[in-house]
Amino acid sequence: MRAIIIRPPNAGAEIKEIKDAQNYGKVKIKSLYSGVCGTDRELVNGKLSLGKAHKDRDYLVLGHEAIGVVEESVGEFSKGDLVMPVNRRGCGKCLNCLLGRPDFCETGGFVEAGIYGMDGFMREEWYDDPKYLVKIPKALEDIGILAQPLADIEKSLQEIDDIQKRLPAWTCEDGTINCRKMLVIGTGPIGLLFILLARTLGYEVWASNRRDPNETESVIIEEGKINYYNSSAGFEKLKDSVGGFDVIVDATGANAQLLDKVIPLLNRNGILGIFGFPSDGIFSISYKDLQTLVHGNKLILGLVNGQKPHFQQAIVHLASWKTMYPKTSKLLVTRTISINDENEVMKALKEKQAEEIKVRIIWD
Amino acid sequence: MRAIIIRPPNAGAEIKEIKDAQNYGKVKIKSLYSGVCGTDRELVNGKLSLGKAHKDRDYLVLGHEAIGVVEESVGEFSKGDLVMPVNRRGCGKCLNCLLGRPDFCETGGFVEAGIYGMDGFMREEWYDDPKYLVKIPKALEDIGILAQPLADIEKSLQEIDDIQKRLPAWTCEDGTINCRKMLVIGTGPIGLLFILLARTLGYEVWASNRRDPNETESVIIEEGKINYYNSSAGFEKLKDSVGGFDVIVDATGANAQLLDKVIPLLNRNGILGIFGFPSDGIFSISYKDLQTLVHGNKLILGLVNGQKPHFQQAIVHLASWKTMYPKTSKLLVTRTISINDENEVMKALKEKQAEEIKVRIIWD
Amino acid sequence: MRAIIIRPPNAGAEIKEIKDAQNYGKVKIKSLYSGVCGTDRELVNGKLSLGKAHKDRDYLVLGHEAIGVVEESVGEFSKGDLVMPVNRRGCGKCLNCLLGRPDFCETGGFVEAGIYGMDGFMREEWYDDPKYLVKIPKALEDIGILAQPLADIEKSLQEIDDIQKRLPAWTCEDGTINCRKMLVIGTGPIGLLFILLARTLGYEVWASNRRDPNETESVIIEEGKINYYNSSAGFEKLKDSVGGFDVIVDATGANAQLLDKVIPLLNRNGILGIFGFPSDGIFSISYKDLQTLVHGNKLILGLVNGQKPHFQQAIVHLASWKTMYPKTSKLLVTRTISINDENEVMKALKEKQAEEIKVRIIWD
Amino acid sequence: MRAIIIRPPNAGAEIKEIKDAQNYGKVKIKSLYSGVCGTDRELVNGKLSLGKAHKDRDYLVLGHEAIGVVEESVGEFSKGDLVMPVNRRGCGKCLNCLLGRPDFCETGGFVEAGIYGMDGFMREEWYDDPKYLVKIPKALEDIGILAQPLADIEKSLQEIDDIQKRLPAWTCEDGTINCRKMLVIGTGPIGLLFILLARTLGYEVWASNRRDPNETESVIIEEGKINYYNSSAGFEKLKDSVGGFDVIVDATGANAQLLDKVIPLLNRNGILGIFGFPSDGIFSISYKDLQTLVHGNKLILGLVNGQKPHFQQAIVHLASWKTMYPKTSKLLVTRTISINDENEVMKALKEKQAEEIKVRIIWD
């Protein structure tokens, strides 16, 4: 069958006939859509040091965002069902993995489809384990591919909420979190999903980037009643006007120095969540910021990976956005490229276009 | 202005011009829809002993399910916004009420709009406090009235989940609650909302009633992939076929004796949640069932009232159902009666029609 | 070696030479003390229907409360260390048991030393698994035997606290639980341990029995600043004077009808915890009490079994009581009988003496 | 009456007759002991920039660790009871302070006795509010003064445990946290209390300092079965031998650069807790460490201040240590100085002696 393969740590990708890709269970699945994300592009461009083929193989099938069609009914999965595979699979040893939560794997022995030690889903078909499959409602065929990246954000905001519940009162005087302020830095696909989910959960949200919002962003910001801040001149004015934030999420993935600058914007008991990470630079916390961190019960937290429960929540939220944010939900998948249009596929795997949110490949 | 008023504990209701109904804040709201529920009918039929007018008044404006339109912009509320009022208001004294959670009021000094000590919303307009108002997206105008009863169920299933988190492992081997089985007894509006929400959260769900499902129920059951059990001959066969349930919710509101019969269906660590309550009869737990209750860490729990955070969750879930359960979401509001059609309004307030889920009054 | 064996469901016990008792691991332990509890007496008197020998055996070694001395150093256990075995061992299948918490076993496939499917510790020596062994500080040799029953109560009060944390505010205005009122019904060994632990955790506590306190109880009540109520004439006067309780624990283990009577004493959001259970009778909840249960978010909960984390907490609390309640801690172990005094041992296994709290057998 | 006063931000302290010190309630308390801690010394030496007198006053009564004797019975407090005041008092505005938890004050409007905006307890007597008083058992007169600093550590380890409960499995295969490894950096009074409490809760503990342990530390380490690491040559060897730590607590309060060095010792899902803070320097996290922080769900957390519930837990733990760690508990209070011995008092307020843990002043 055809597959998109890479040979990490080398740059490059090719669409190729392969015979021996890995399979994971009894449910036969034919690929319908593959999502392309920044991690794929880093792999294809040879920039992600974490990429690794399965130990017995010299290539890796790319792809960790996928929707497929069940080919033969097995258990709860019926022929024709749309399914999405969970991309990280557990180490089989630690208690968190035994509990279905390799996002919190303790051994580091997990694998990640299309990234690290496990063939991904950019191929015509594969067999999978029901434990790692999530059903996608037919009515979500259009934007369901976003359930994978959104799952990572569901996990992140769930984790932040779990941590804040240590506070006697994290909720506001009306019992909601509507009074809580979140700043999301970066308006790439991950930043936008953070913003939308945070609004859905009730936060007052500020998006920021080092420029004014583009047209797509403007629609989303207006529909979602999101505040926007142009940080090209730093964050001082934002601090002056808002005061501080209960949660700050870095979704830029690129800039350690940025973190230094937003630490002073954290409210007492606030959380700085870091999603993605820089590949150079140093995050420096001055003794003054350390003092306020200690005195203010603040914390800095790494955010990574969603698992099956988060995929299921992501699907409910995507379904709700079609009603609540109809304009936005039409903008989330920017375009669909046929796997037969090899040039376009390769281009999409190498470079993100302006204003693009999610590109998907259709296996037609 | 016109209002629907009652004089508890007396039976009867009338549509009447009134001048002195209570107001609660600065946001002027014009009524758009009022929902009619079983509690309204019990009040109108003189069967709810809890009904009580405000202490300075000899009548009570009925109505605790409402959608209105903001008349003048105030703070976050803009002219034209659709809003729903939260129906229970706190005692102002206990810590739970100060935290915006009068569903857990400790003093019992709360009031409930249209039911107990506080004028309701079946009137042309009222003024309210932003703290108790929830925005309804325009796209939910059709079924948004269900956010009030659904909020009660959001609170109930949240409370059950909070309690089960005391277990080292409440989630399943895949990290979800898909392996957990819930039995919902009763398929009235409350029962149906329990079923739909439980499915949305991931439970495997059984609905039961003492008859086969009617046509409306059949559509919902099929679309939601819900199991159905006809309990006319008791629950033994259900126990034989399923084994046991992790959560059983009584949504019949009428039958204490029924509770005796479902206790043996509770799994170890299981919860029996009681929503609504009988007005006669005795719930008898034999020493044998008490033994399994003690040995099995089981619990019996009263479920009541949702607050503002639950209204907000209800809105997200209703929005998601329009995508995930399109047929069902069209059946949830059975019909809309004009306030000008006095006969139909009065009939709807006295009696529930066959297969009816939610009836709403439009203030046109 | 000598052991005390029983043949459930038959009454009777004998001290006998045995050769083939079960062992559970690599740590060789010589018995020092065995505690005698109500469950042992029920087994010896043929009154506990749950008693069962290991499936391959026609007798069962009695004993689930034990302190032994390590005979040879293994890992963290050094020769001469005092250790206590955890008495319930998991099913090996369900997630709760894999997490070391067979108190919440879902399959019911656990075994209980000296009671159900597993030889107990009333024998000269046994081999055990480090996973199920808890170290006892030398300075607790005198009262350490109470760590086993106290572990059950640690679990119970921990579970109650975990459940109450679903409330926005379970703690009081000073951040403690000092304003929370607990009623403990029954002043047997279990009741007294409940009372002492509840005080240690901060509750205001009422003890009750159907008589005035005896001399031993009077010392404990005074030293611990515990309130006492003689319930011989019912609970109405208690309700009149105190108002209501946030937690009521039944520690009588004998009387289903009693439960009916204390339900009206539960505060809103209150918990009725049942520890032990009757062997006949019916617990009847009237529709009126059901109404307040539902309206008041109340719950009824079965309480059973503590595990290794609870044994460790019990040891810390027993250690603290030697400082905080010095008179009480000297009364908790009423007497010590030599295993060589066969008559006295048999008498103690059959009948509890007046004012006795804990009797232990010494393997000298 | 006599009091020890300071005039922050100026260095210096004096024992002086004063008339107008602040009082806080109805309970009249005569000072028995005052504890001296590092913060007192920083204030007296003019090194703590946070120090501030009450706004209407040009001096501040020093002292935040105190045991007093109730002079007249009020409510639950009887004449002769030993009591300890809680040192931080809430802002009266935010929900956390209303819930009795000014340790999580959101406004920063709290005051701290003897440090910041509120007269302390180094004076002959004061009046206080029952809400802020904790009873000290008579049998803890000897070491009870440690309940104040220990309360800070109770809060810290409670907060860490609350945060780790977001993990599906934080406890080990035996249900305890015995498999969890904690490194405590610094063996001053705070470090030693961290070590002892962590052991009591079940952690496997490593203490470290840039030298070998002194005689006092050696006794504590041996009795508590604590591991020790001399970090004078860095932490590499510790990493090599242990692998990694689930919790690292910095209790040095002085060295931002140290934090850089221990980040690589954090296990996946691990927490770096910072108690106290440097007054210069920069904590630098390299992009490589940031990557493992993000990928490993790690977090960095400020730890500060215990409140009344933590004082109560501290008392239980101190009481238990008299039984479990008898040698250690005799070493914790190094010496007692009479308030009449003005020279010694002033010396103790300026400088810590070698091997000193806690010095207290007796108001005789």
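We just call them A, B, C and D in the order they show up, numbering each chain from 1.
Convention: a residue touches a chain if its C-beta (ideal position, glycine included) is under 8 Å from a C-beta of that chain, and two chains touch if they have at least 3 such contacts.
In UniProt terms, the chains line up like this: A, B, C, D = Glucose 1-dehydrogenase.
As the structure is a prediction and not an experimental result, all values here were calculated from the model.
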item: Shared interface partners, meaning chains that touch subunit C and subunit D; value: A, B
item: Per Cα centroids, the chain farthest from subunit B; value: D
item: Pair joined by more contacting C-beta pairs (A-C or A-D); value: A-D
item: Between subunit C and subunit A, distance of the C-alpha-averaged centres to the nearest whole Å; value: 49
item: Subunit A and subunit B, separation of their C-alpha mean positions in angstrom; value: 35
item: Rounded Å distance, subunit A centre to subunit D centre (Cα mean); value: 41
item: Junction residues of subunit C, two or more chains touched; value: 95, 98-101, 168-169, 171-173, 175
item: List of subunit C residues in touch with subunit D within their complex; value: 98-101, 131-132, 137, 139-140, 169, 171-177, 200, 202, 307-309, 312, 315-317, 319-324, 326
item: Interfacial residue positions of subunit D with respect to subunit B in the complex; value: 95, 98-99, 168-169, 171, 175
item: In the complex with subunit B, residue positions of subunit C that touch it; value: 94-96, 98-101, 103-108, 159, 162-163, 165-169, 172-173, 256, 267-269, 274-287, 290-291, 293-304
